[in-house]
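This is the structure I have questions about; it appears just below.
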Amino acid sequence: MAKALSLHNGVYLIIALALIIFPFVTESRTWTILLTQIFIFAILAMSYDLLLGYTGIVSFGHAMFFGIGAYSTGIFLKSFEPTLLYFILSIACGMVLAAIVSFFVGILTLRLKSHYFAMLTLALSGLFLVAAEKWRTLTYGNDGFTFRAPEIFQDRLVFYLVALGCLLASFVFLKRFVSSPMGRVLISLRENESRTASLGFKTLHYKVIASVAAGVIASLAGSLYAISLRFVNTSVMTMDITLDALLMTIIGGVGTLIGPILGAGVIELAQHYLSGLARENPIFERWIILFGILYILAVIFFPRGIAGGIQSLYLKLRGKKVGVHRSLKKRVVKS
Amino acid sequence: MELLINIFVNGLATGMLIFLLAAGLTLIFGLMDVLNFAHGGLFVWGAFAAVWTYTATDSFMLAILGALLTGVVLGFVTEKLIIAPVYGNHVQQILITLGFMLVLTEMIKVVFGPNQLAAGVPSYLAGSFEIGDVILIKYRLFIIVTGFVVFALIQFILKRTKIGLIVRAGVLNKDMVQALGIHIKKVFLYTFIAGAALAAFGGALMAPYSGVVYAEMGLEFGILAFIVVVIGGMGSLPGSLFAAILVGLAGSFMAYYVPDLSLAVNMILMAIVLIFRPQGLFAARG
Amino acid sequence: MANLLEMRNVHTYIGEYHILQGVDFTASAGQVSVLLGRNGAGKTTTLKTIMGLHPAKSGTILFEGKPIEKLSTHKIARSGLGYVPEDQGIFSTLTVEENIRVAMRDQSDATAKRINYVLELFPDLKKFWKKNGGNLSGGQKQMLSMARAFIQDSRLLLIDEPSKGLAPVVIGKVIEAIHELKKQSTIVLVEQNFRMASKVGDTFTLIDDGRTVHTGEMGYLIENEEMKRKYLGIG
């Protein structure tokens, strides 16, 4: 067990190192920007996975927290000075705001059943979107506003490393979070809420903590996103952002953390290439159909997405004995 | 006065269009316990099918038939491929139907092109009645009347026919219906197809009302229909009618008097209902 | 005597719980076979397994010699089984008439005759013909549920604890009704009320912890104090 674990960590470490070295060995500006984008959305998707994969709740309002982060950073850097200090302060401010909002939203919504929860989160994030549209003195509504990023981010490489650092930090934080006793309660909640409740756990309490953690991380992603564009408008609060996170999480693999990262990579890359191809043949503009179908297949047939697929392939290669034994055990318990 | 009546008629017409969508949604939930977030996709397919047929044949009747046919076919395919694998699992239903919604929306652009299409009102429904100072637009009245007729028709089917009886029994206790020898899966399929056809019909009526159709209106109206169903009480048909009219009227009055809030009013209504009475205003069960 | 229904080594899971762990049971044509066992023994689950509501994971269930364990519920019902569940399964916002109508498979004279028959057997149903099922008394619900199963021309009726929550006078009526229905159909009865079980039952099958532990003539159980104490907690 311990050996397998360190093997895992070793693989992660190698990948992380490769990503750190990557921009120093290539000159490609496109790749640097593309990877940065992937890192940002990977952070968002991971935070969504904490809700969907580890707590078993479908939120339609995750964009709300992404938007809070994006607006905090945008407004800070525009109103004050575009320095690193204000950048860090803006992230902190976004996170605190997101924590407060997600706390109250969680208290209001998490006692409801799945679909009512989904609809109430949709309503609340819808209200945030309207607020962002109407509070024009602060947000400039749908037109949005541009702002200057701190000097140091003029170098795309620096921002790449910052985004990567945030991704790694979020990953480690979330990994710890889900493997803590607290995370185990969440998982058992997902498996069987009433049983967990009957064991004496205050389920609402745990769900609220998860939603605060998810909200805070999503806000971080939003802050980085704003910097990457040097522009914010209401699109950061729209359902599209939530749908992106959902797509990435499901295709990459729900409940795995590494899955959402893979999902973000696959979708961003494909989007990049397919929209390039679209210049030759407009059918490629409809790339979302492909992902929609993949997503549907994933929900029905591969509930653990790419990451789950890789994992079971790995287990198979490791020798049939273990694999057969495990699947048998599962079948007996489940059916 | 004249203004009030206009706002009222407008709101009522919008409400009735939403009702056509919400009716299928709420029946499907009530009977099958299925959350169908792709419902708006069926609506927009109905709208495009109608506009396309109308442009090709110049017949409003054929346009509506085309929409209904599209609804039936899509409803059949959706139930078999998308819904059947996820019976009994709400989270999976939300996820998969949402994904299918995306696919349906994009497929519209593949089949009908990425641009919005203009939709015309047939000549016999164009124009307006003038009663004193009040001008009543014919097409809006047509929608309102149609909405009430559809409501009455569904109520008639539910209350007076055997299949309606089975549907009402199925809403209360599916196991017992099966134990009495009824193939409930088949009833599910029929109900789903009927709901899809209603949604497509709503789309067909929507097109001349709004003047244009575009792919994204599926998601917009789908969400609106869900809001209505939640407010009215999931599974309750009268609840959906009431809530649809409420949402329609609130929208049109707000748009005139407090335009800043008109976008938010539905969300606020739904949030209030969910926080204080999550089962909806007319609870269908329990 | 012909075995109308025969269950052999049936196992059933509910979710991840292994509830029936080997149930053997037979019901002979024309008899009342009683399933006995303490609370939670698996009696209701046995009936639901027969009806396909909790399908058997393994084992065989034969009805009139044909396997039914793989069929879906509506097909099982149509092959000639009627089910009267523990909670009676009345459609509460449907009237008595509508409850009956859901169960009607056709408009034939035979069905009409059966309906007349049950309405004579349970005059209360006729009296409250337009009343909502949910507003009936416990005993009336029981009667409606039995009537509903009976009019389908079922050759086997599965009745789950018809005496539950009923006053002794009403139980008397239910016993009468079962004696009457027995003339037309074979009956499987789950019953906790041992007095009632012994009055109407021809044979018994004892279930404990999801397993058949004993089966025999009712007379044998009536005499056997130890068995009653051990498995039913009475005597």
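In order of appearance the chains are A, B and C, and numbering begins at 1 in each one.
Please note the rule applied: a residue touches a chain if its C-beta (ideal position, glycine included) is under 8 Å from a C-beta of that chain, and two chains touch if they have at least 3 such contacts.
Small disclaimer: the values here were computed from a predicted structure and weren't measured.
When each chain is reduced to the mean of its CA atoms, the one lying nearest the mean of all protein CA atoms is B. Among the remaining chains, C is positioned farthest from subunit A, on the basis of C-alpha centroids. Per-chain CA centroids place subunit A at a distance of 53 Å from subunit C. Subunit B and subunit C, compared by their mean Cα positions, are separated by 43 Å. Here the CA centre of subunit A is 33 Å from the CA centre of subunit B. Those residues of subunit A lying in contact with subunit B across their complex are 56-58, 108-109, 112-116, 118-120, 122-124, 126-127, 130, 133-134, 239, 243, 246-247, 250, 282-283, 285-286, 288-289, 291-293, 295-296, 299-300. Per the touch definition, subunit B reaches subunit C in the complex via residues 162, 165-166, 168-169, 172-173, 175-184.
Interface of subunit C with subunit B (complex): residues 51, 53, 72-74, 77-78, 83, 85, 89, 91-94, 98, 101-103, 105, 148-149, 152.
By the touch rule above, subunit B contacts subunit A in their complex via residues 35, 82, 85-86, 90-92, 94-96, 98-100, 102-103, 106-107, 109-110, 114, 219, 223, 226-227, 230, 234, 260, 263-264, 267-268, 270-271, 274-275, 278.
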